[in-house]
């Protein structure tokens, strides 16, 4: 897909989301929360394209959220335009530092180590009275360009989230078209060959990991501002697991389908909690299972396969 | 003038197995050298050491006079030494064109320049050009993992060539290729790599005889014989231990490998 | 002095519990290459089944001491049924898939089981403390512990010894070790690898369920007990090296004593100390303490 067509696609989706949020304000909160997760999932997808399934993105999600919380509560800075980028940046810095270690691991050990670090943060936060322990703490009303964006003016907060999502997707997509972004796919396929092409796989992974951390931090901050509350659960391994499930259902081959998956899942979850709170995970688990068993590349795989088939039939026609 | 590649007293053992014993070989620039030997004789180990995948226990390797013994494969590749593999190392779920595109951008993927968007139109035309050179144009959109072995071997070599290397090491370029296609593949490769210093590991003596100007015979980690094809391939010990004949002259043009 | 003694005994008991829940996990990974994220849910399933069975037993007014037998039998039965269902019904069809895909499969299984447990047993806690109190207690110095905890220690030691003896000293154990080493090669020399995978998975599940069953009287059985436990299990087996039973023992001891030290001397660090140790060990030994060496690729 050319850049032009992709930008048009994103613009159309963004306008659709904005229209939806304007016409159905009661849904804007749910979509807003979903967008926060979607941005975190975007980072995870970038990592998964290199073959690394991180079960620890919750670490950066939580750092982003708590940074937003601390800035708003302790420093009285609740301007979203400052808080979100700052939180993302901090998460990115932690990701960069941790990346020196994480970049040397693969497969299950990468997953387990990433899980360990997020659980370390969880353990620290649960026992820390300063941060509210298991209860966490509330965040005062955020502002945008100085204006309040909660209550009556919630749409502006929603619009901010949609714009943020659109920018993140475009940035991520551009990244996949850069040399490092292209190498990420190759690393998943054959790391030895990548080394023999003169590229340092570990250094490329380091870049990916930092980016994923940044995006997760932005998502966490957005979540914190939207929900108005942070707690250690943000760093619990099941939060990371949720991101992984969304990425798997959406399919890591595309950047757009995981976002759709995040939105759809959050909407379904809101319904499910109302009618069958003890069956929601069951349904999610069954769907995930079915997808892995029958469609290992998720929805994005469906799209790619359809394209491949149409290419092949075109080639057949010529021959 | 010093040889472009010098290996000096290389020793490498894996436990009780001696893969290299005091190997000292100089490769002159622009030559085409064939490496022969039985399985386990140390040919691939030699290639692995030159390209940095394995470190010799003792000994030195020099490229253009510079010591490269402790460098990792990616550094040695950047210096101009490329290799293809016995089992093609490709990006199997990418298309042939994507395989080449990735290989082309790899050159800038290390530094900060790697974060700047690649010009995909230029990339595509560069990939197309390499495809044409190796006769792979028809396979551009095919997934690498679904191709026949001969095509995969060509692609493996094309990927190695993208970096415009100065020295090329080919590990069994025609193994797995159907006998009637071997010469076609080799002709194609040699045409694409004309003028480069080339080393290839081979089991097919016809290929060796036809394309190499120098042959080095390995046996049990040592060099059994080293010289022009006519000399080495007629050496009695080589014929007995490697080629598999113990008596009689080598028939001209006859197949000599067992 | 009693503080140090307390630390030692708590550490040993915690280590025994950890070993019991983790040994099945490491066994399954060692043989089948699957990191079973649902292992904690198996543990919870065993606890619920046992608690329910004991509750029923005691409700009929029969000999309370037999409730131990009921506990153990319930745990084993739960494990056999669950393990057989999962392996024959699901995993059998996914042999040979890549480890990450299998990881996600077991994660999906975890999601499913968590809700299944809630659907079967509801969300209220189960408390069956009678077996726990029945055996009385023993004292070491000023500290007294229920005798019941010795059962857990005994179970841990027995299962560790039994597994080790089986793998090292029996003919069938040698076959299993061949499968651990190289499943494909084992298949080609005639070993029924699929059957060994099945046996291994059921054994691992039984161990998890049994651990849950044995623990049930000492806690209140609640939904989510599996969720907390799974990360502890991971820490233990990753530290020890995936697939190594002695490794699981060492990992259990290490985590057990580290946690006990935290609880006794630095309570704030309790949770993070465990994962901190895991992270530390992985940094120094990327594959764990007792991991097997890996063959070359090209």
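For reference, chains read A, B and C in written order, and residue numbers begin at 1 within each chain.
Operating definition for what follows: a contact is a pair of C-beta atoms (placed from the backbone, for glycine too) under 8 Å apart; a residue touches a chain by one contact, two chains touch by 3 or more.
No experiment lies behind these values; they were computed from the predicted model shown.
Centroid distances built from C-alpha atoms place B farthest away from subunit C.
The most central chain, judged by the distance from its Cα centroid to the centroid of all protein Cα atoms shown, is A. Centre-to-centre, using mean CA coordinates, subunit A is 32 Å away from subunit C.
Centre-to-centre spacing of subunit A and subunit B amounts to 43 Å, using the average Cα coordinate of each chain. Put simply, the C-alpha centre of subunit B and that of subunit C have 50 angstrom between them.
Counting partners per residue, subunit B has 89 as the residues that reach two or more other chains. Multi-chain contact residues of subunit C (touching two or more other chains): 298. For subunit A, residues that reach two or more other chains under the stated contact definition are 192. Against subunit B, in their complex, subunit A makes its touches with residues 174-175, 177-180, 182-183, 185-186, 189-190, 192-200, 203-204, 207, 308, 311, 315. In the complex of the two chains, the subunit A residues touching subunit C come out as 51, 53, 101, 104-105, 107-109, 111-113, 115-117, 119-124, 126-128, 192, 237-238, 241, 244-245, 248, 278-282, 284-286, 288-289, 292-293, 296. Across the complex, subunit A is touched by residues 35, 90, 93-94, 97, 99-101, 103-105, 107-116, 118-119, 123, 227, 230-231, 234-235, 238, 242, 267-276, 278-279, 282-283, 286-287, 297-298 of subunit C. Within the complex formed with subunit A, the residues of subunit B that make contact are 51, 72-75, 77-78, 82-83, 89-94, 101-103, 105-110, 113-118, 120, 141, 143, 159-160, 162-163.
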